[in-house]
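Across the two complexes that follow, chain A remains constant while its partner is chain B and subsequently chain C.
Right, the complex of A and B next:
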């Protein structure tokens, strides 16, 4: 299913996504798979509690071209961190701008390329890691669609022992009514390397569109990768994001997703702890308002002994928002000395908000430490009283409590500039309403 | 207290007598089987019709294997015998019970327990109760304690109203099966304000091979009343699979309290697929104490629908999955009124190649205030081949409610074992002590008689799996 060389038609038409067909001949196998796989059904455990009807793709068209005015506007709005090692900006799956890496990094063999260039110039390396892990949390059909349509996104290759201090950033804009995009992020971090990557998913207006993203992380022995995704699509968007992280010996993966946008957002994250000493931290923060549904599925798979995983997902829900968290820790036979933790916390801010939690464990080794917890509740009267009694108005007090609740997760990143940036996004969304 | 009369262990349950059934519905399940059962029982038309409809529902429903164990596919419904009995009316005195049946229950210690501490006993042998009696003083208070057929025939004004209402026929494939071929079980009614001091007990015994036992229990505790019900179950070891598929419905009216205690000790060839649910009205309390040992596959999730304000539901669950066994157990709490509270505590132990699964559902829907749920699941793994799973589903809506769920998995601490062995215990003794310590806080909630039995069962199951 992996394309040989991607030669993309530069002038997309307004063809409906479901009639679009594979992007190139090389994508055909994935397109066939997409068509043959069944649409998720209510009885599928991976879609339990999900609003299946939100998944109708018939309204969307293939990615639309960007005119010059929009291009300038989006570039102006693509402000990331004050200091970064590189930045690429895409809109509707077209590359708008590329701020390249410092020469020193390139000289040490670091590759950071748009997808098509990676396929053209580093085909073997790229293909050996492109969508090599199956989507096992229910999204196989969407993964196949992505594989048949992927034309935009970035490939980052960090050679052995190379440490990149500043974060690398990519913006993906989804704009125009009914359009679709397929952002791809592939990070291959060789042994003892170190990198931080931030994806920003943005819409400039509140139109409905469809985003189907895949991000895969490969960590060689002792590698350290931090991946951040700020999901801030339009509140009318339908989005699906599928992740797999493969953690090598003594490697450390840290992933944080901030969910702000989408009418329905589905994310599937799988951590494969394949070699001893590996560790994966899975973090997420969600602010869901109006009729948003944020549907998060996670899987911590301990396949080797002495591995650790730690998951913390926090959801703040207002209006008639819904969240689904379904997480599973699996400890395979022989994966002794596993230390796995999973925690989901839901803060309900309105009487119509609904939080569904399905924290699961499947343990097939006996010398392990595995714990999970799920709580759902509201702002405690005592907490509120404490702030009120110090003269802080009610609204402000509630906001502070919600921020405090969510900030804990951002702090776990250990990066002040990124935490600040994400915090600003959170506040912008929450303050718009409160 | 002498414990020998309570010695209902696996070896003790592993015996059977030659079959001498007067009534036998044959092998397989068709509408003729229903007519045979209904005819023999002399049931009114509405029950017969209820059964026929249920059979259609059963046949139409798929196996729930999209979430449950595929081992269910190994049940061959056409090889099972659905009704076996000698008579339809239970005896009021042990002297009138046939020799083999009486000896069965004597070996299980039932008459002895009845004399010692029970308010009433029902003893079911295959499809029908062979003995049913309630202490005169309890009967005089207006408490009704009889079998399902008798309850529906003699007291329709009490039982028909709730029969099949807590657990509708179509709730799941196995509740439909039970509704089609149910026989035996207990129907209990406790009048307003009556507090039954001693427990009522039922004992379910499977004697025949290739048999399915489908008892049906309905307990109604009227306003302000209290009752404790205990059930025990055993079957001999056969080469072929045996099916036990009960439906148990509890109704706790305003301010009533029901405690339902199960100590199940099925042999390893039994598929135990049971639906248990209660409705708790205003300020009522329902507590399920569920202890699952033995069987090939148990699927059982006692539930409480908290229908009235301030109702309270509780499930205390202990499961021990031995070699080759799968205990798929848990709890369901559906909050349907303000200020309702629920508590679930589950402890499971997996031994050898055993698998213990906790499956739970907590539902707190919209517009309710002051609802709280607490769930704790702890799993203990004894061997590296053992397996444990936890699959809870929790839905909370609105700002007035809260839920918290915690689960942990651990193994027996090597330091603990070393400590005990250094003080002269054998490894097996140390392990057993450690396991008993793990479940001890739950076992203490059982009536004394049952907690002693339970500890013995755990010891027995542990034998040979350690060291």
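Right, the complex of A and C next:
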């Protein structure tokens, strides 16, 4: 770390997060809710197998300021895709850079704004969609905290029929010891629109901070939204991410999370298939090492007939890493001809690694197709021998098999440039130790 | 000596001894065939020489150009010049065929040296053309969803790219229709020459019509019981393995 960051640590402007209070008066209700909700307990089904102790927030401060040296360093490191439609970079919830959307898109009514500007200039539209779906997988207290603090992140509004070809990107950096940030991504895609959005969650090496992120996706009829989140906080960070996706008639949502960072990372993802013909693809790739714990909770809610959801989560675990996957498919009464699929695969690279899988089904409609399955296993000896027999050394053989295992998920995105970018992040993490 | 020399080899799987004192020398430049009934230990021999950890060599030696390879790990044996064409090639999901072969070639280069990509693809495409393989096989995952014939062609492709000194082809003819057999055999024959010693393991004589061996060995119950020229294969085809077994019991 640069000395400048240490100075920030000592800054009197940083207050304890738990003493921070609401961001403005308008955030007071959320703050009260945060304070009144109980801390998670392991006896709660939504926190079963979770290391609750990891969630202690008392040591963290409110978002810390960024000095000029750090700002320049982080901007230089914010390299996304070779071609994107727009890019914003935030660090410690401060906007560092904004590469705006093309004029042609703005003329067609596309809005892409930092959160504060969205609240100021498009308040009604923004508030009509901001955190409108409850966090129902256990993280309500964190969602309330987020709502009381959210100042950074972006609001993307894509009007009816507008298709944005290139991905839009946002970087969120968490830097400085013990700081916290609250990245928010809100995407409203009106009927027949199309967009791809990539969030990069990054921290400079070994920063121990707290990130509490929310990303909500709203898909109008026939909209197509692809959302990617590269969670690459430092291995010392504590992170919580809460997602809800509402899928309209004949709309298609595709979301992929790559979990690389955090000592404890909680991810809650809910897909509401709200109107007939909707589809949601829920994808995740995790590489967990050392004593990392990646805690993933999902909910595929079929609220209308003829809807489809397809979940594929793959975890590669090494050392004494732990993962928890708890996923529920619910087919509500009347949601006939639902097609729901859920698959979790764990690849264990060490005897000490531990993968917990809790798949579940609740079916209250007829004529549905639901399948789920969770598997855990090690690299197969015969597979490994095949690579060795070609002269590929043991470590390299294991690497190839692990990458191959994870690659299937990245390919499901259907975007070569993004898959390559994510691949590079995976490789950088895995290669650092192997 | 430039040869694959197997001397008094004993191999067990668990408590069961499968190879029981097998001796065989394949000089570079020659093609030898091992024929034998099911259960005679043919596949065990190839896996044991390849270094599969489940196949325990209890005594004997295997030398590659004079160097004992039994102390080496499987990957080191391969880099020393050994190649195994599998009877049942494994599927490796998510690893493209091109990257797989590339990794194998890269492993043969000195540290810090990078494989030249343009040359690699030029060579890969040329070898694929010889085996009548479509270019789509470069991007597809190794053997995943390949037909039996495509898997075997892929084995021969790898062999062509890795240029081993010695190759053991384990039941390469199994699961092949006549067209695939012709293509695969042509692929092997194209690699014949003074630089390669090959051991072709087969149950049926048919393959040896296409890959004509210099010598034929008959394996029964973990040993070589007869050795002869290519005509021995025809004799076996005609009389069956029982004739060998009977001649053994009479001795």
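What we mean here is this: the second predicted complex is superposed on the first by the 422 of 434 C-alpha atoms of A that agree within 3 Å, B and C clash if a C-alpha of one lies under 4 Å from a C-alpha of the other, contacts with A are read in each partner's own complex, and residues count from 1 in each chain.
The rule is simple: contacts are C-beta pairs under 8 Å (C-beta built on N, C-alpha and C of every residue); 3 or more make two chains touch, one makes a residue touch a chain.
Values in this document were obtained by computation on a predicted structure and should not be read as measured data.
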{"item": "Fit or clash - chain C, chain B, common chain A", "value": "fit"}
{"item": "First (chain B), second (chain C), both or neither touched by A:68", "value": "neither"}
{"item": "Contacts of A:124 with chain B and chain C, given as first, second, both or neither", "value": "neither"}
{"item": "Chain B versus chain C as contact partner of A:19, first or second or both or neither", "value": "neither"}
{"item": "Chain B versus chain C, judged by how many residues of chain A each one touches", "value": "B"}
{"item": "Touching partner for A:403 - first (chain B), second (chain C), both, neither", "value": "second"}
{"item": "Touched partner set for A:390, first chain B, second chain C, both or neither", "value": "second"}
{"item": "Which superposed partner A:352 touches (first chain B, second chain C, both, neither)", "value": "first"}
{"item": "Chain B versus chain C as contact partner of A:103, first or second or both or neither", "value": "neither"}
{"item": "Minimum distance between Cα atoms of chain B and chain C in the superposition (Å)", "value": "15"}
{"item": "Touching both chain C and chain B, counted on chain A across the two superposed complexes", "value": "none"}
{"item": "Touching residues (chain side chain A, partner chain C) in the complex", "value": "381-383, 385-394, 396-397, 400-401, 403-408, 411"}
{"item": "Chain C residues within the chain A interface of the complex", "value": "50-54, 73-76, 78-79, 83-84, 86, 89-90, 92-95, 99-101, 103-104, 107-108, 141, 158, 162"}
{"item": "Chain B-touching residues of chain A, taken from the complex the two chains share", "value": "43-45, 48-49, 333-334, 336, 346, 348-379"}
{"item": "Residues of chain B that touch chain A when the two form their complex", "value": "66-67, 364, 366-367, 379, 381-411"}
